[in-house]
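What follows is chain A paired twice: with chain B in the first complex and chain C in the second.
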Partner chain A sequence: MICVIVSVLRTPHSSVAVQMRGKRKSCRQSYSSCLGASSRLGLKPVLTGRRLNTSRRAPKSHSITEKVTPEQLALLLKTEWKLSYVTPLYQFRHTQLRSYCRQLSAFIAAEKQQGLAVEVEGMQSGYRVSFSAVQGMAEADDDAETVTIQIHSKSMLAKQDEPEKLVWSGWLSCINGNPDYLHSLPNDFTCLPLFGSSGQEVFTFLVQSWFQKTFDCCFGPLEINHTSLQWLAALWTNCHTESSIQHLKLIWTLPVEPQLQITYTVNPQDAWSLWSSVRKDPEEENEGEEESIDFEEVVRFIQGLKNHFYKHFRLDLSAGTLKQVSTALGSAKYSGRIKISNSRYMITTLTLLTEAALLKMPI
Partner chain B sequence: MATGLNVTGPLISDPSFPSDQSVSSRSINKSLRVAEKERRKLEAEDPFVLALKYFSDVEAGTPVIGNDEFEKNLVQVEKVAYSKGLSPEGISIMLEFSMSLRMGNAPCVRVLKCLIPATVVPQEAVVRAVAWLCVGKIPISAQVLFIKWVLTVFDMIDAKDQLRAIYGFIFNFVTEENLCPFICHLLYLLTRKESVRVFRVRKLLELQSKLGRQPFLLHLLSLYKVFCPELVTLSIQSRMKTGFRNHNAPWKSALIAVQKRSGSQVASSTSLPFMIKEKTTSRKRKHCLEFPTMSGSVNKQAQTEPSVSKRVVPLVQLHSFAQLLKNMHCVELPAQMGSLLGSSLALHYLDCVQDESALLRLNFWLGYALHEEFLFCGDGGSSQNLEEAQQFLNKLLFTQDFLQEGFSSSEAFLYKFLRVWDGSLLRSQVLGLLSNIPVIPSIKIGQFLFEPLMQLFFTSSLFFKCGLIECLNNMLSKWLCWNTVYCLEDNLDISPNKSHTSINMTLTDFKDSLMELVHFVGRLASVGLQLEGYNSLLLSFILDFYETVCDMFVKYELPLVLVPPAGVFYPALFATDPVSVDRLAYIMYRYQVNLTEAKSHRKQPKKACRISHHTLCDFNHYMSVMVNCLWNSKMFEPDMGIQLKEELLLKANIPEYWESFNFIHHPAFLSYAVDFHHKCWPGRQDMNLNSIKYSKPWTWYLEYLYSQGYDGLKQFVLVM
Partner chain C sequence: MDDTTKRLLHRLIRRTSTEMLKTTLGKWGRLTMAQRQSLDFTQSKSALTEELLTLCEKNGWTVKNVAELEMIHVIDNPNQGMWHAYRLMDPEDDACSVELTQFKERFKTHLSEVVRHVSVKTKKHTDEAVWIRIAWGDTFSRPNHLKPTYVVYHLQTPYVFVTSLTSKQKPLLSQALILSTRYQGFKDANLSGRKLTAIRDLLMKQYPLVFPTNFSSPVAEKDQTMSNPCIIKEQDGLEAKRLQMARGAFGDGVLPQLESAVYKLETKFKDQTNRIMTEREEPFRCVVKFTSTNLLESFRQCAASGIVSPPITPLFSSIPLKGKNYFALKDKTLGSSP
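And now, the complex of A and B:
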C-alpha cells in the first residue's frame, strides 16, 4: 500500500531552516491590518482579519473548458510555475495590453543591450512580448481577469521560416479574492496578487522590474506553506472518483542532523478510502447544494496518514515539515513551485493560492 | 603698565608701522594672506594630488625596488581608488603611467588593478593606452589584463568614436593567441557595419581553421553576418548561446562598492548587468531596502484622459524649494512613490499630497520592504545587511519625524514584528518607529501592543526597560499632540477634506485608549522597579513618563487626570537619590495645578471635565503621605498608606522612627543635612541633626536645599 523512500539530505543549513519555520509560524499568529484610527498617511482601516479560510468548497469538476479557450488553458497547464505575490497594480488597464506589449519589449531590449553597445537598426526586435487577458477565468465579480505574458525570442540569425522560441512565460491572477480586501482598494488599483513565472530568471527579473516601474507594485516570493500543502493533498484526493489521482505522494523533511527526507507514496484507492472515512457525514452538513470541506477534515486526513506511518516505522511525521505534495492532478512544493496538470480542478487550486498571496500583502 | 607696553611694543611689531591702526590692518592683511597660503598649501599637500603628480612626472627608468616614495604614492592612489574611485584625470595619469612602462613591468599590473573609475573613463586615455599596446613592449599578461579592464569599464568610457576609428589597429591583435578572445569581445562591442570588411572576415575564418570553432570567433563572425550576410557564408546555428564571458573579476566588487557608495547615477549601465547576474546567483537574498530611484511616470497613456491635457511637471525635474512652490499645483508624482522617501525636496511635497492612491502606493512599497526584510526573510540578516537595515530604518524615522506622522504600513508591520522581535535587533530604530504609531482603539490595544511589549519588557535587560518606557513616553506625547492639533483643526474647520485629517475617533474613545496606555505603563513600571531593585535609571525614565501624564489637562487641554500607582509613587518617595524625590515633588506640584485648573473649569460646560472621585482621593492621599513624611515627621501614623505594627517598629529599634523620612533624615537628603549642619554650626563637635528642626534653621535648611537646584521641592512646598 505504501511505498516509502527515506533519504538523507546533507545540507549544512538544516538548523537554519528550522529556525526559519519557527519565525514564520509565529508571525502568522497576528493577522492584522491597521486598526481604526488612521492617520493622514494611513489608508482607511481594513479591519477584516485575513487568514486562510478554514472551510472551502469541494473542487467540483469545473466547466472551465466551456468558458476559457483551450489554447489559453494550455498556456497555464502542465508547466511548473514559480510563484510570487504582487502588491496591487496601480493604473493597470486590461484595455492597454497591446501597449504594454510594446513597452515591455522595448524595456527588455534596452536592458538586454546594456553592456553590448551594439547600435544596429532592426536589432531590437530580438524579443517579442505578448500580453493577453484570459477571458472567463474570473470567478467572483471582484476578480480581475487573469493576464498571461509570454516572451518569444527571435534570433538575429534565424531563417525566415524558423519559429520563434518561447523563452519565458508568466501570468497574473486573482481567483475568488477576498471581497473585503478587494473592496477596500481604491479604483485605481487592480489586484492580481498571484504571479507565476517559468523560464530564465533574468526575464523574470526584467518583467518584475518593468511592472514595478510601471505600476508601482512590489514582487515577493510566495511559498506554499504547510497548511496550504495539506489543503492541496486533501482537495486533490477528494477528486479521485472523478479523475484518478494515480498516486498521492508526500515529501516530509525531519529536523534531524543530517536532515532526513521521507517520501511517502500512497495508493490512490487507499488515500480515497481514508479521505472518505474522515469526511463528515454529508447529512450533517446544511443540506447544501455545495459540498464543503472543513480544515478539521483535512487535519484528520493528514493525521490518519501520519498515524499509519507511525505504526509501521515508529517515526512521527508531526515533528517534520511537509515539503511537497503531488498527484496526477498537480504538484506543489514548499519553495513555491506549482504545477497544475488538470484544468478541471485548476480554479480550486488557484483560489487557495490567491488566498495565500493575499495573506502576504503588507497592508 | 603703560611703560611696560612701550618697552615690549617695538620688540614685537615692525618699527616701520608705529601707529596702532596700521598695525591692526596689517595683521588682518597678514591673516588673509596666511589663510590663502594655508589653503594652497593644503591643496598642494593633499597626498592624493601629490601622488598623481608624482606618477605624471616620474622619470623613465626610476627604480622600483627600494623606492619608498613610489610605494607611498601608489598606496595613496590605491586607497582613493578603492574607496571613492579615481577621477577621469586620475585614470588618465595612472593608465598612462602603467602602459608607458616608465618604471618597468612590475608596477604595470598593480596599477591596472586599481583603475576603478569614479565617474567616467576618458576616451583619449584608452586610445593612448592602445597606442602603447602597439609598441609591443608590454608583457602579455598585462596586455590581457588591460583589454579585460577596457571591457569592464566599456560602458563608462565617455565616447567611443575615436576607439571605433582605430578599429583596424585593435583588430590586428586578434592574431595574438592569448589576446584573441578578449580582442574579439572588444571588437564585438565596437563593430559597426562599415567595420565589416572582406579581409577581416577572411582573417577570422583563417583563425577559426587554426584554432577551431571557438565561441568568441563565432560570436564576432555572427555579428559580421548580421551586418553583411553576403560576406559571411559560414552557417551559424541560430541557437548559439549569445554573449561573451564576463572578465570583470578583478574589478567587479570594487566597482560595485564604489558605485554604491557614491549613490551612483552615472554608470548605472554597468551596474545593471552585474546586478542581474547577482540576482540569479544569489536570488535567495533579495534586497528590498533600496529606495527606488525617482523617475517620471511611465504609464502615461493610462493616467491622463485625452480630454485633460494640462501641463504637468515631473517631481524629478524640480531641484529647489522655490521651484517646487512655483509648480505646486501641477506636480506629477513619480512612477514609484517609494522614491519620494529618498529625496528631501520630495518630502516637502509628500507633506501636502492629498491623493489617497498615492499614499497607498507608498504604503504598499514600504510595507513590502519592511515585511520582506524583517519578517519573511529567514537568514536573520548578516552584519553588512544589518548596517543597511539600520540606515533604511533611520531614513524612515527621519521621514516620519519630518512629517510628524507614522505610516500605516510601518504600523501594521510593527504589530507583527513585535511578536517575533528579540528586543535587541535594531532596538533604537524599532522603538523609534513604535513611538510613531497612531492611537489604537482601546479594545485592540491590549492584543496588538501590550501583550508583545509585556513579554519583551519582562524578559529583557534594564536598558531595554528604560528604552521601552522612553518610547511609550514619546508615544504618549505624540498622541496628545496629534489630538490637540486635530481638535484645533476641527474647531477651525480649515481643512477641505476632513475625513483623512481628523482621527476618526471620538474624544471618549481617545481618552479610553490613553487611559489604557497610562495604566499599562503604570503596571510595567511597578513590576519593573521591583524586578530591577528600584534602579534609579529606570525610575528616572518612569518619572519622565509621569511628567507627561501629570500635565495632560493644562498642557494638552485633555480633560483627564491620572495619578501614578502606588508601585511608582512609593519607590520614588523613598528613593535614595534626591533627584528622584525632587522630581516626584515636581510631578505632585503639577498634579495639584492641573486638578485645581480642572476644578475651576467645572462650571464651564464647554471644558467640562469630570475628574473621578477615585483620582482625587488617590491624589489627596499621596499628598498627605508626602507632607507627613517629608514635613510633619509623622511616618506610620494610623491614617497613612503604609502601616506597620507598633511592636514590629519597636523591635526594629530605630529611635524616633516617625522621623526617618523627613527632609533631614530621608536617606536622599541626609548628606545635605549633615553638610548643612557643618556649615551652620562649624564649631560644633557633636552632630545633632535634630537641631535643624527649629524653625529658623529649618527655613535656612530648606533654602539651602533649594539652592542645590531642587526646584521641584520648592514648588511642592509652596503649594503644600
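And now, the complex of A and C:
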C-alpha cells in the first residue's frame, strides 16, 4: 500500500489519470481549461493560457487582525512553509474536522506500526492531531475557509503537565480563488489548492497520503516561479510607505562553473522611489476603481534594477535565474518556500500563491 | 586540570580528523613515546577523547599547553574561519630591520601594557610568517582561551592577517602591532575570505598572474598559425576575443580561491529608460554581493562565455589587481574605499 502511495506522490499526472479511470469521481475540469472556456465566452477580458493574472489589486492594509484571532494568525506567520498544490477535495466537510483528527491520528499510528520510519527522539506513545478552521481568512464568497493541521507527539515518559511537542504543522488555503473555476466545480468538491507544510518530511508524506486516500485528491510540488517572485518583490515594495520593508533583497544564480550567486540588496526608500517611478500615472486609471498593479509595471521595476546593475558590472542579470526575494514582510524562494512575516499583507501574498497553485494543477 | 583546559582539548579533538590529530599530537611532543604508542587511533572519537582527557589529567597539562596544541593545528589548517587582511602604513626608517626576537618581545610588552590580562603565544612558521595567538582578558577577568584571536604577520612586510577580532580588541592589537613593527598606521585592507592562503596570495601578489599586455594578442596569432585565415568564422573571432578578455583580466593560471566580493554602491541611478530616476539628484543605495566557491574563476567564466559584456569592468578586475574584495563606490570618487 505504501508503495502505491509513493508512486501517487511522485507522479501526480499519471495518478490523476488512474483515478479518473478507476473511480470516476475525481475532478476532471482543470483551472486552465476553465479559463480558456470563460475567455472564449467573453467572461474575462484577456486571459491567455496558463499564466498568472497580469493585473492585480494593490495590497490594502488588511484589517485581518480584526477578523482572525491572534492565536490562529500566529500559526501561519513567521514559519517557513514548503508549498504544494492540491487538487479539489472530494467530500471534504469543514463540519467533520473533529472526526478527521481521529482518523489521521489512527492513520499515522497504523503506518508507524507497519514500520514506516517516523524518527522522533525518545519514547513516543502516540501523536495527537488537531484540525481547525481559520474563521475570517476567506476573502471572496467562494473561498473555502483555511484549515490548519498540527501534529503533537505524546511522550510516554512525559510528566502530566509537560506540554506536548509540536512535530509538524501545515495548512490548506484558498484566497481569492478564481470564481469561474470555483463555480465550475461539482458540489461535492472543496477547493483548497494551496498546501503549506513545516516539520519532518515523513509527516508531510503521511498527511498527504491520508488526504489522497480520504478525499481522492493529489499533491504536487509548487515552485514560486520567476514571475511570482517578481510580483512579490513589487507587491511588497508597494507596501513600504505603510509598513517598512527594511530592505529589498533579490538573489540570482548564474549558470557558470563554479556557480555564481548575486545578492542584490536595495535600500528600502530607494526601492520605493524606483517603484513609484515606474507606476502608471494615476490619472490614466479610471476613477473610482480600486488601485491596481499591472504586470507591465512589475517588469519595468525589475528591469530598472537590472539596468542599474548592468551599468556598473556589465553583467545582464537576465542571463541568470531569480532564486529568492525577501523583505521584512516576508521571503519567497524559487524552491517553493514562503515565509510571511507581517499579517497585514498576508492576504495579498496568499492570493498570488493560490493562483499559482491553481495553475500548477495537472490537466 | 581546570574546566577551560578540558573544554579546549575537547573542542579541538571534535574539530580535527583522527588522522590530523595524530600528526598534530606528534608535532606537539608532550606525550611520552609510550603514551603515543598506546593511543588507539582506530577507536571512536568519543573513546579517544576520554583517553586523551585522562592523559591530560595525568600529565598535568595546563591551558597554555593545550593552547599550543590548538595553535599547531591552526597553523597546519589555515583555511578555516574568516580571515581579514590589514595593512601597516607609513614605516619608520628602521621598520625594515625589525627582527623576529625583537618583534616578539616588543609585541608582548606593548600588548600587556594596554591589556591587563592577556596571554600571547608566538610561533614562527616556515614561510617567514609569525603566528600569534592572543587570548584576551580584561581588568577583571582572566584571558579567555576559548575565544582566541589569531594574527599572522609577515616580517618586514606591511601585511597582517587576522581572524576572530572584535571591534573592541582592534585598537589594542593595532597599537601593539604599530609599536612593535615600527610603522605609524594600521588600516583595513578591505580583503577577507575563509582561505588564508588565497587572501595572502592576492594581497602579496604571490600567484602566477599571467597578464597579456595590451599590445600583443597571442590568441589571434595562434589562430592564424593553426588554421587557414580564410575560414576563420566571425563566431570564432568573437569567442577568441572573449577568451582573451577573460585572460586579460584574470590571468591564465589557477586563481586564488576567494569566496565573495561586496560592492556598496551609492551612485546615481543609471537607466536611460527611466527619466524620473536618472534625473534624481540623490544616489541609489544598494549593496551587491557576489559569492561562489571560487569567485575569480566564476568571473573568468562569465567573461569567457559572454555573460559579462566587454570590456570587463574595473570593479571586477580590481579584485586581483588591487587585492581587495570590498568596495564602496560613490560618484566622482569611483573605485575608492572608505
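The rule is short, and it goes like this: the second predicted complex is superposed on the first by the 300 of 363 C-alpha atoms of A that agree within 3 Å, B and C clash if a C-alpha of one lies under 4 Å from a C-alpha of the other, contacts with A are read in each partner's own complex, and residues count from 1 in each chain.
The definition used in the following text is that contacts are C-beta pairs under 8 Å (C-beta built on N, C-alpha and C of every residue); 3 or more make two chains touch, one makes a residue touch a chain.
Predicted, not measured: the structure shown is a model, and the values here were computed from it.
For chain A, the partner touching the most residues, choosing from chain B and chain C, is B. Once chain A of one complex is fitted onto chain A of the other, the partner contacts of A:265 are limited to chain C, with no touch recorded for chain B.
Judged by the touch definition given at the top, the superposed model places A:96 against chain B, while chain C stays out of reach. Once the two complexes are laid over each other on the shared chain, residue contacts for A:183 go to neither chain B nor chain C. Applying the stated contact rule after C-alpha superposition, one finds that A:311 touches chain C and leaves chain B untouched. Judged by the touch definition given at the top, the superposed model places A:280 against neither chain B nor chain C. Of the two partner chains placed by superposition, A:67 touches none, neither chain B nor chain C. When the shared chain is aligned, chain C comes close enough to touch A:254, but chain B does not. Chain A makes touch with chain C in their complex at residues 254, 256-267, 270, 273-274, 277-278, 300, 303-304, 307-309, 311-316, 319. Here chain B touches chain A in the complex through residues 154-155, 160, 188-193, 222-223, 225-227, 236-240, 269-270, 272-273, 276, 279-280, 283, 286, 288, 292, 295, 298-299, 301-303, 335-338, 356-357, 359-372, 375-376, 378-380, 403, 405-409, 411-413, 415-417, 419-420, 438-441, 444, 448, 482, 500-501, 503-505, 509, 513, going by the rule given at the top. If you check the complex, the residues on chain C that touch chain A are 263, 265, 267, 269-274, 276-277, 280, 282, 284-295, 297-299, 301-302, 305, 307-313, 315-316, 329.
Remark: chain A residues 16-17, 19-20, 23-24, 26-27, 29-30, 32-43, 87-88, 90-93, 96, 99, 103, 111, 114-120, 123, 155-159, 162, 185-186, 188-189, 201-202, 205-206, 212-218, 220-221, 360-363 touch chain B in the complex.
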